[in-house]
Structures are given as structure tokens and as C-alpha cells.
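I've put the structures underneath this note.
In the two assemblies presented below, subunit A is common to both, partnered first by subunit B and then by subunit C.
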Partner chain A sequence: MEIKIDRSELLKSVSRVQSIIERKSSMPVLSTILFDASGSDVRLSATDLELGFQETISANVIQEGSITISGRKLFEILKESKSETFLIKMKENNWVFISDEVARFDLACIAPDEFPAFIEPEGVAMVEIDADTLTDMINKTIYAVTLEEAGFNLSGVFTERVSNDGDDFLRMIATDGHRLSMIDKAITNVGLLDLGKGVMIPKKGMSELNRLASEGGTVSIGFKQKECVAKKGNAVLVIRLLDAKFPDYQAVVPKECAFPILLKRSLLLEAMRKMLILSNERYRAVKITLEKDLLDLISTNPDLGEGQEKIEIKYAGERIEAGFNPKYFIDILQSMESDMIRMEFTESTRPCVLKGDADKGFIGLIMPMRV
Partner chain B sequence: MDAFYPAVEALDKPELRGKPVIVGGSRERGVVSSASYEARRFGVHSAQPIATAIRLCPDGIFMPVRMSRYKEVSRQIFGIFHRFTPLVEPLSIDEAFLDLTGAERLMGQTKVIAKKIKETVLKKTGLTVSAGVASSKFVAKIASDIDKPDGLTVVPPDRVRDFLDPLPVKKMWGVGKITQQALARLSVKTFKDLRQIPVEILEKKFGERGTAMHLLSMGIDERDVEPERETKSIGHEQTFMKDILNPYQARKEILSLANRVAQRMRREKVRGNTVSLKVKYSDFTQITRAATLFAPTDDTMEIYSISCRLLKKTAVGKRPVRLLGISLSQLSTLENEKQLFLFAQDKEYQKRKNLNTALDSICNKFGEKSIRPATLISNPAKPELTIE
Partner chain C sequence: MNTIRILPEKLASQIAAGEVVDRPASVVRELTDNSIDAGADRIVVRIEGGGKRLIKVSDNGIGMSEDDLLLCVERHATSKIERASDLLNVKSLGFRGEALPSMAAVSRMQITSLPQGRLTGHRLKISGGKLLAIEETGAPAGTIVEIKDLFFNIPARRKFLRAARTETDHIVDVISRAAMPFPRIGFRLEDGAKKILNLPASGDTLSRLSGLMGRKVGEAIMEGEERYGDLSIKVYAAPPDFARSRGDRLFVYVNGRNIRDRFITKAIMDGYGKRLMRGRYPQVVLFIDIDPLEIDVNVHPTKQEIRFRNARKVFQAIVAAIESMLARSPHPFSGQEFIGSESVPARKDLLSSASDSFISEPPWEYSPGSERRESLDQTVYPSRTAPLEQSVVSAGARIIGQLGNTYILCQVEDGLLIVDQHAAHERIVYENLKRSLAASRVEVQGLLIPHELELSTKEKRVILGKGDRLRGFGIEIDHFGGNTFLLRAVPALLKNVDWNSFISEFVTELEEGTPDEDVLLDKAVTLMACHGAIRAGQRLSHEEMARLLSELGEMDLPTNCPHGRPIFKRFTYYEMEKMFKRVV
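Presenting the complex of A and B:
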């Protein structure tokens, strides 16, 4: 393989896949990018076995063929160079020659046939989604996914199709067992998606999907058996879906409550941020007291002291007292856009619900703590 | 305590006294847990493969580890410590910090008290202790190591610097080979060198640890003696007689470890939120893989299934494995779990909880091996079972 390629074009693609390639892996080939040159294009592939990304960019292909190059090293080389074009050439025994006419690198690479093929499934029904809508859905749910490896059946965003009054919606839900965020968006032709009874998209896949959508425009998305396929321009992302059961979330969403509280989102967000100051691993609860026209927040930490803030509200319900992890409020409130939010809270052992008019189709649930 | 395990063995079998006694695992695969001073003269030391110890000290008397007996003696010794002060911080089975602040008025100088403790332990158990007396935990610990066995080193507050200065830096906690090498490049070999190097240089090179090392080099250690040290993690590990290559065999061992860890957690009434799997390959390289759960657990099957998932992130089944270990950390006691769950713990969970309670009570009554997963019952006549 031998190609001449525009540096900035290549750098864009190579930096795009840095989050996918594995830094330390038992399979060194996963830290590489596969180059396939043919015709007047070169296709870059990266995978971590859970997801695969491919992008085709145009290049001056002098000789067709395939190579792998360390994704990290290529990124650094491209970043340090000021030249406009790069020459990449396959030499004997999997050595790759890279030159920008100023510096030259000879890199020992891995044979391209060792690269695990991540094949795009065929015959997938694709639906176009506005990229901003997709980003909005992801940003409003992804934070609630359990951290790291956590709770295997919760380590992704559950995605399904729901119908309401004859309209079809795409629904995304995420939870870590303590809080839950759910959003519905009306999407044209969403009925064409083969979502079955819902699928679990892993967290890493979700953030890659978000990255794909972050440049605006539209993203086509489709599902087939165990995979989710997303396309934008010349880029294809294939995500392996999680084989996990999502809990029965319908049962935990409370019915409308009699005394909802309306308050300014920024006010509650700022108050919760202040309450977080005194919380730590051992003492993380903020105690919320709802009484007539008053929302009282107190955070007590025996090691440090106490903080309090009172917010005037309109409230005519019963006095309720409950503890909450302020971090969960901050996560949800930060992801919302509404100026005024609606807080529904009825019992110290039932979840508190957050909604907002400008966050149509969104609902956030937070389970209390015992105080 | 001085060479604690061999000392207990010699206590129970007087004919072992003065002999090179080596307590440890099996001849083929085990490591030395502890060696008597006579054995140490041959170059035998703890954590050394038994095979090496045999080579160094062919006439050594090799004994298996009798942990329950050592624990028994340890309890006796800690009981003696508690007669002198309530502030006893156990560091291991045979080491402790004692805060004697205030005891001087009742019992005389700390040196006198330390002597008395040593005498009492010797009289009651027949074992010798080495003690270090100083105004901080750090200096006391170093002092106790200076004059082993049966030593007593007192470092008065105004002599701390003179005492520390000539010591090599490797005596400092957390200064291993790598740090030692890094310090040597800065021409730092002794505590004095370390004390005299500008703290900024240490901070630049070692970050927060640099600051800590600087303070320790001057003998500044403000940590209190903490009587009840919280358990940070609960775990078990197993070195195998033969390296394991078969993934089914590995999972079987994982099940056995998970069972032991879970039983211990239930006995101590704690649950863990993070499961760590430790794998040591035959070439002694070691990796750990961890997963955090969404709710803490003490259930054998849950710990087992998570460990099996973690197993997939290792080269187990591809590379020979000499040791496997499971530990749970981020422990919480049942009382302090305050965060409520959105989803009611499912029926399955309650069932398993009841099952565990039943299993535990059978084990308590009839012994640990009376009931266990069928997979763990060895039956060489039958082919290996496949467990998923």
C-alpha cells in the first residue's frame, strides 16, 4: 500500500478514533488503526471489539493495499507536523514508512490480517435522526448510567420505541439503581427501526454515538440483532449491543402528584451545588424539608459542620422530610434546559420527580436516602 | 514479635528451638511465610519461593502454616498489650502500635513500660518481642526493627534526627526498589540526604508522596494510634500446586474463592461494592481487574459471576496461572447503607439471601466443608465439570 494524503483530513479522522483504540490491551492490534486503500479512497478502521468505527477519506492511492499503524503514534506524528501532505507506504515485513518530507518514520506494525474485522451488518433498516435531537437524548441520559463496570444489566442506555396517541417516539432510559433519567422524542419513521422489545446500548457506544452526532446535521441509525449501526457522512459506527435485561422501569415512575412544586432550575441547582460542598464519601445526604411555601435544604457532616439554604416556593401539601444525594440533583438539573422546573415529591421512600416544560418528554427520578 | 510463626512452632515443639525453622506453603509451589533467625542466616526470607529456601537451607525444618494456632497466640499477646493501654492499633497478626501517652504517670517511664510489656509477653507466652519507643508511629516502627530479636530501642524526641539520619532510605515506608533508585539518582541514600534535599525537588519528582517523604525524613508523622482499624477489604487468594491453563478449572477455583470470600463477608456482616480479581501468571507477572457494582453484595453467586466476567479481561485460559485471588472493597456495614433503591431487590435476590443464610447455618453447625457447591467436590473418577 502506498498513499499520499492530506494531513489535516487524516488528523481529523485519526484524532476521532483516539477514544476507541485501546491504550493497554492484551491484543496489541486493538491499539492500531487499519488502513485500506483502494480506488481514490482510504478507509480507516478502529475497534475495541465492543464497537467498531470506519471512515473513508479521499487520498491519492499510488498502490492499493492494507496496513495497520499504531493509532496513538500516528496521532502524535500528525499533530507535530506542519506539512500539508503525508506519504504512507508499506515496506517489507510489516514495516511502515511515514514521511511529511521533513521527518520520516519507520514503524514496526502488525500484519493487517490480524486486525479483527468489524463488519457492518447488511440489510439494516436505517432512520434519519436530527443530530442535535440525538445529542440531546444522549446528554440527558448517559450520566445516569452506572459508573465503570457497574451493575452489568444497567451499564448502558436502554433504547426502545413507544407509541403514545398514535405518535411514535424513540425512548432512552438510563439508571444506576438510585436514579433514573428517561427521555422520549418524536422521530419520523422511528417505527421502521428493528428495536424489538428494546435494546441496551453500552455507555462507551453511547458516547461514541454522541461524538458522531456532535457535528450537527443528521445521523442515520439502525438496529439489527445484536448491533446498532450509525452513519454520518463517510463514517460508520457499529456498536455491539449489551446482552442484558433492563429492569421494569415503568413500575417505578410515580403517577402525577397533587402538589407539584414549581421553581427556578438555576436556584435549585445552585443550592444543591452548595450543599455538595459539605458532602463526602461517608456523609453525602442533603436533608430536604418541604413545608408550607418553603423548601429547606440542610447538609450535615459531623466531620466538617453544617450548611443550610431556604428556598421560597408555593407548596400546600403535607410536610415531608427526606434525604438525597445532591450529586443526583446536580446531574439532572445540569442536563435540563427549562428555566422553571417542576418537582414532584410525595413520600420519603418514593422517588422525587423532576420535569421541565422546555425539556419536553424528559423525566428524572431520584430515590431518597435514609436520614 | 520476633519470627512469630517459627517462634510459635518452637514453643509447641521445644526440639525445634535454635533450629532453622521455615514456615510456609508446599515444597513445590509455596512461598516462605516466616523463617526463624537461624534460617535467616542462610539467606531465607519471607515471600521467597520454598524451592529457593530449600536450596539455600537444605537442612531447614519446613513446616506448614498453622494460622489458627498463630491467631490464638496473637490474641493472647494482644490481650497483654491491652492491659497496658486501651489504644492498641494492630498492624498485623504479630505487630501493633501502642499509645502510652498518659500511661507514664501510672506506670513510669515509657522505657520501663516497654520493658515490662516485653517481660510479661515472655513470661506468659514464652515468646520474645522487639519494641521501639518514640514520639511517633513512624519512628517507633523503625526503632522496633533496629535491634531484633528481643530488642528495645528508645528514641527520645530530641534524638529523632540523630537516630534517623544515618539510616538508608529503604527503611522508610513505601520506599521500594523503584523509589530507591529514583532517589539514588538524586544522590539520596540516607535519611539525612533526604532531609537536606529541597522539598520542592521531591514534590516535583514524587508529587504528594514527595512531601510525605520529606516530613518522614525529619521524623514528622502526626498520625494517631487508631485502635479499631476499619477493614478496607475482604479477600482470599490461592496459589496452585500446578499452574492452571484450563479455563474451566480456573472458574472452579474462582467459585471456591468467591464462596470463601462471601461466607466471610456474611460472617462479618459487611457487603462490598467493588469486586477485584487478581491473577498471577506462571512468570510471576500479576494483574488485577475490578468491577464496581450498583449495589453492594455478599452473595457467592454474584461475586462468582462478576469474577467470571472479569476473568474474560485476563489471559486466564491462554497463559498458565499460578495464583488467583478475589477481594471485595468499598465495604459497607448493613446499617450504613442509606441510599434507597429504585427497583425493589428482585425475588431472586431474596431467595439467594435466604439460601445463603441457610448454607451459613449448616456450615456453622457441621463445619465449613459440610455443604458447598457440587462443582467443588473433587471426584477424580469423574471428568471435569463444565460450569458457566
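Presenting the complex of A and C:
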């Protein structure tokens, strides 16, 4: 293989895969990027076996063929160089020659046939999603993903299709057993997606998906059996789905609330941040008391002291008192955009619900603590 | 004043008969005891053939006159007590008047003595109990007792003696035990031309202790003192990580008399509590001073056993003395701010990727199948960023990194500290839980989706019967029907717990049903800590490690996990230099 390629183009793709390639892997080939040159294109592949990424960029292909190059080293070489084009050439015995006409590197590499085959599933029904919408869905759920908890594998975001009043939505949900974040978005043709009874996308896959969507435009996405495929421009991301069952969450989402509270998001967020100041490993709960037109927050830490904030609200319901982990409020409130949020609170053993008009389709649940 | 009397028959019979000497070491003990009682400040012991061929003890004590010499080998001849009531108030090491005659009966013995202030000394020769001669001789002030061919006339006994080396080891042990409480007396042991032990008179217990237990132990030793009326306990103890697999470094003295007593050993072990791993013994020197009327030393011919009138009080005093001493002792994390050397934590999503190594723990730790390989949830360790310059300022300790995703390496003032992350976190969770429970302020987190537990019929019975106890520990569990239970809330401190296995282990503890609420509580908390702590094999960021260590610094007992395993091990520069042969 021998190619001439634009440095900045190549740098862009090589830096994008840095988060995928393994640094210290038991399989050294996973720290490399595979180059396949044919026609007037070169295709870069990287994988950690759980997910794979491919991007095709144009190049002056002098001789077709394949090589692997250490992803980390190539990234550093490209970053340090100021030249416009690079020559990458395969030599004998798996040596690769890289030159920007100023400096040259001879790198030892691994035979390309050791690189795990990248199989892009065929015949997948793809649906186009606005990249910003996808980013929004990911940002509003990913923080709730956790380690295995209470017997469920919750290390991913559950994704499914729901119908509501004849409209189809794409839904993403994540929970750690203590709080749950869920977002529904109306997406054209979402009915075409082969989501079965829902799939579980691992956390790392979600953040790669986020990276793909971060440049705006549209992303097309599809599912087939154990894989999720996402495409944007000349890039393809294939994520292996988690083999996990998501708990039956329907019952925990409270139906209606007679006395919702409306308040400024920034006000509650700041108050919760203050309450977090006095929390530590042993005492993290903030006690929330709802009284007539008053929201009272107190954090008491026998080791440190006490903090309190009172927020005026409109509330005509019964007095309710419950403890919460302020961190959970902060996570949710930070991910929201609405100026005014709606807080629904019915019983000290039932979850507190957070919604907002500008966060259409989103609902955040936080389970109280007993204090 | 050193006049020897024959005790009246009645008193003689009050003193239990029995064999005094069974091996060279017991001869050495009796002879050094006598020299100490005689007020000597220099005692030299010379042996040959592990004491089987020769034992010679020389002292510079008060010495014996000709009459004394003749009397001292008579049964029940002693200068130390006169009447029965004295037995209740023994202040000397010897009092039975039995040692010398017993030894004289089974060896070829020769005693040379010159009483202080006299000009001529005398030598007495006795063999197999038969007096051979007493003659005038020149001698240094003091007494020299020579015992040759121990058990020469009891071949069966002689056959039971061990190899010379083994017998010598026993003699070393005996002299060590004798020497510990008397730093003002110089002791020396020679085997032929070889000097085995040299303990110069110094007057201070610590240097005697270093001489006997080694410089390293001496430097690490902690001291404690406790007084309860006329009972006083003085303890010198090495930190728990100096523990040994044998109890050979437990030195116990009651009014200066060395004793071996299971009951006191137990009290010492209880004082260390969970700081010790199972099957390990600490290095401790314990002096008990007590009104002689409160004890009975005349229990056994070897005088190594003792009876306390109020044993419970003594037991509790020892436990308390050791506990409070250990609680006071400084540890490497006290007052330290831990800052990672890389202040920029690694990217979160990268952290959560699987790590390739997993180091398993000893089987007693926790049930298998609980490996977790992801990084900590942010909630467990809310980020605490410290200004960068602090890492330079608090030069005391600096985190180097994580080894095998299992150990935290830390540079400390005198070298390297290796911290077992699971044990450390287990300790933190344990103490935090205990404190919260003690304050009745366990934070309990409701579960959004109750966790279904399928129990066996036996487990079901226990939960239904004693399930209330669980609520006290912050675990809310409801019977759902059949053998199904719903776990509704758990202590907020615990994360990543496999509740199924936790509940079934806990049920076992509940079922064993201890009446002592404290014991059950401790077991429950230990179990929860074990299940709720970060694992070996779990990758931690520098920030997480720093937080873990500074939290550990706030613990009462940062040295051992609740199971007793050590949390950290220190390698001093000195040890490393020795290892690399920079020093010899």
C-alpha cells in the first residue's frame, strides 16, 4: 500500500478514534488503526471489539493494499507536523514508512490480517435523526447509567419505540435504581427501526454516538439483532448491544399530580449545589419539606453542621417531607434547558418528578431517601 | 537476714509438690530467678551442649554462707518466706525452697558462693542428691552454680531431651523472659566460646525491649498505661502489622513474674481485636502490677501460672489498656491531604471501559462472582479538586498510582506505602456505617424499582421471623407472596451490592442467632462493608484514590479491614536500600 493524503483530513479521523483504540490492551492490534486503500479512497477502521468505527476519506492511492498503524503514534506524528500532505507507504516485513517531506518515520506494525474483521451488518433499516436531537437524548440520559445494580445490568441506555396517540416516538431511558431519566422524541419513520422489545446501548457506545452527532447535521441510525449501526457522512459506527434486560419501569412513573410546583430551574439548581456542600460519604441527604407556598431545603450533617434554604413557591397541597440525594437533582437539572421547571411530589415514599416545557418529552424521577 | 530455715511440715505440705525441672531451660530459669532474688545486677549464663552437658550461672548477688550452702539443697529450705500467710504475699520470684534440691537430685551440682563482705567463700559439691563435700575456697562475691550432666541418673529423662540447638533456643527464650522486666540487670548467655545474648544493664525498659525484640520493633513500639485502683497495667506493644504466626513474642508479667496464661493472651488478642488477622499474634510486653493479695502464684511448680481473685476485672483492664493505646497510636494517614500526582483525572468514559486484570482475594473475603470492573460512580466520590500547589506543599504523602487496579502506591516520608484499595474502602464503609448506626442516622435510599428476591423456604422463615432486625440496619424488605420478597430500600452508603448474595449471607448470620445485639450488628456491618466496598481490579482515578486515602485517614482504625487483614504495608527507604545492597 502506498498513499498520499491530506494531513488535516487524516488528523481529524485519527483523533476521532483515539477514544476507541485501546491504550493498554492485551490485544496489541486493538491499539492500531487499519488502513485499506483502494480506488481513490482510504478507509480507516478502529475497534475495541465492543464497538467499531470506520471512516472513508479520499486520498491519492499510488498502490492499493492494507496496513495497520499505531493509532496513538500516528496521532502524535500528525499533530506535530505542519506539512500539508503525508506519504504513507508499506514496506517489507510489516514496516510502514511515514513522511511529511520534513521528517520520516519507520514504524513497526502488525500484519493487517490480524485486525478483527469489521462486519457492517447488511440490510439494516436506517432512519435519519437530527444530530442535535440525538445529542439531546444522550445528554439527558447518560449520567444515570451505572454499574450493575440490584441484579439488573444497568450499564447502558435502554432504547425503544413507543406509540402515543398514534404518534411514534423514540424513547431512551437510563436508571441506576435510585433515579431514572427518560426522554421521548418524535422521529419521522421511527417505526421502521428494528428495535424489537427495546435494546440496551452500552455507555461507551452512547458516548461514541454522541461524538458522531456532535458535528451537527443528521445521523442515520439502525438496529439489527445485537448491533446498532450509526452513519454520518463517510463514517460508520457499529455498537455491540448489551445483552441485558431492563427492569419494568412503567409502574414507577407516577401518573398525575394534583399540586405540581413551578419554579425557576436555576434557583433549584443553585440551592441543591449549596446543599451538596455539606454532604459527605455518610450524610448526603437533603431534607425537602413542602408546606403551603414554601419549599424548605435542609442538609444536616452531624460531622459538619447544617445548611438551609427556603424557596417561595405556589403550593396548596399537603405538607410533605422527604430526603433526597442532591447530586441526583443536580444531574437532572443540569441536563435540562427550561427556565421554569415543574416538580411533582406526592408522597415521601414515591419518586419526585422533574419536567420542563422546553424539555419536551423528558421526565426525570428521583427516589427519596428515608431520613 | 539470708538465713535459711526448714519450713514446718504443715507449710511444706501446703506447697504443691511436683517436678520443677524438666529440661535445661527450666534449670536456667530457676537459677536466674535465684540470682535475681539475690539482688544481683550482673548474671552470666554459660552452657555447653544445649545445657545438657553444662549449665553455669554466675551472679554478683548477696551470696550464701557455709551454713546457707548446706541448707539450700535441703527440701523446702528457703529464705524467702517463713509462714503460711507469707504465701499470700510473695514478692520474690522463688518461695518454694524446692528448686536447688530438685536440681541437685538429678545432676552433678557445685555451688560456689561468697557472701558480700566476707573474705572466704565455700564450695559445695553434690551429685544425684548425695552431698560429696563442702570446702573453703577463694571466690568472687556472689554465687556460681554449676550443673553438669543433667539427668545423668535418670536415663529415661535424658533421652527425652532435644537436640542441643532446640534446648538452646528454649534457654534463650527463658533468659529473654527473665530479663525483660529487669533492665537494671545485665544478662549474658554464652555457649562455649560463642556469645549468644548480651543484654547490658541500662535501666530503661525500652532499650531492653529493643535488645530482645530487635531495633525495628523497638522503634515502632507503642506504650500504654492504665490504672484501676491498685491494679496497674503497663503495656508496650508493636503495631498490628508486626504480628507473628506464633505467640512467642507475648511477654506477660505479674508483679515481675513471667507467666504464660491463655486467659491473658486472650485479653491481649481481644484488645487488638480486628486489627489482627485470624491466627496472628501481636508482639506485646505486658506488666501487670497488682496487690499480691489479689493473686495466687502457688498454682504450679514452675510458678508460671497464676490465679486472679477478680479475673474479669483484670481481663477488662488489659483489653481497655491495649485498645486505648492502639486508638491513640499515630498512623500514616493522619492529618494528610492526599493529592494525586496527576491532577487531571482521566476521561470518564475511558475509565468505565473494562480493565484486563483482576486479582482475586483470599477466599474468606467475600463470595465469588462479585467482580466489578467499572470505575466508581461519581456519586460515591463527589469530585473534590484541590489546588495544584498543595500537592507540593503537603510533601508528606503523594500518590504514585494504582498497581494492577488493586493497590494504591503512595510515596510517604520514609518510603513507599502500598494500600489495598478494597480493604481500605471496606474499612471506610464499615466505620461509616457503624457510626451512622450508632447515631441512629443511617441514610436509607429507596429503590425506584423494588428488587425481587427469591428465597429458599428456610431463608423465608428466618426473614419472616427476624426480618425486623433488617430494618434496623437500613434494609427494607417486604414479603410479596410465596418465597418472593421485595427489597425496597437499602443503606445509601452501599453501592454496587449484589443483594441476592448479601441477603442470603445475612440470613445465615441471623439464623445462627447470637443473643448479643452488638455481635450481630458487627457481623451485619462487616458483611455490608464487604459487599459494598470497591473491588480489587477496579480502576480508580487519582482523584478517587486521593479521596479514598484521605477518608481512610479519618477512620479510627485505618490499619486493618473489618476482617482483620492489613490495609497497607510500608516499605522504608532503609529496607529498599538493603534490598539493593546500597547498605548492608
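Rule of thumb we're sticking to: the second predicted complex is superposed on the first by the 365 of 371 C-alpha atoms of A that agree within 3 Å, B and C clash if a C-alpha of one lies under 4 Å from a C-alpha of the other, contacts with A are read in each partner's own complex, and residues count from 1 in each chain.
We adopt the following convention: contacts are C-beta pairs under 8 Å (C-beta built on N, C-alpha and C of every residue); 3 or more make two chains touch, one makes a residue touch a chain.
Because the structure is a prediction, the values reported are computed rather than measured.
Colleague: Based on the shared subunit A superposition, would you classify subunit B and subunit C as clashing or fitting together?
Modeller: In the arrangement built by aligning on subunit A, the partners subunit C and subunit B clash.
Colleague: May I ask you to decide whether A:D165 touches subunit B, subunit C, both, or neither, giving the answer as first, second, both or neither?
Modeller: After superposing on A, A:D165 lies clear of both subunit B and subunit C.
Colleague: So, does A:D48 touch the first partner subunit B, the second partner subunit C, both, or neither?
Modeller: Second partner only, subunit C.
Colleague: First (subunit B), second (subunit C), both or neither: which does A:S279 touch?
Modeller: second
Colleague: Could you tell me if A:K203 is touching subunit B, subunit C, both of them or neither one (first, second, both, neither)?
Modeller: second
Colleague: After lining up the shared chain so the two structures overlap, which partner does A:E122 touch, if you call subunit B first and subunit C second: first, second, both or neither?
Modeller: neither
Colleague: Please indicate which partner A:E92 is in contact with in the superposed arrangement: first for subunit B, second for subunit C, both, or neither.
Modeller: Neither partner.
Colleague: Based on the A-chain superposition described above, do subunit B and subunit C contact any of the same residues on subunit A, and if so which?
Modeller: Of subunit A, residues 26, 146-152, 175-180, 247-249, 252, 285, 323, 325, 349, 351, 365, 367-371 contact subunit B in one complex and subunit C in the other.
Colleague: Looking at the complex, which residues from subunit C come into contact with subunit A?
Modeller: 347, 349-350, 352-353, 356, 372, 374, 377-380, 382, 428, 432, 435-436, 439, 441, 443-449, 451-452, 476, 487, 489, 492-493, 495-496, 498-500, 551
Colleague: Using the touch definition up top, name the residues of subunit B that touch subunit A in the complex.
Modeller: 290-295, 306, 309, 313-315, 338-343
Colleague: Along subunit A, where are the residues that touch subunit B in the complex?
Modeller: Its residues touching subunit B are 26, 146-152, 154, 175-180, 247-249, 252, 285, 323, 325, 349, 351, 365, 367-371.
Colleague: Where on subunit A is subunit C touching in the complex?
Modeller: Residues in contact with subunit C: 19, 22, 24-26, 48, 146-152, 155, 175-180, 203-204, 207, 247-249, 252, 276, 279, 281-285, 302, 323, 325, 327-328, 349, 351, 365, 367-371.
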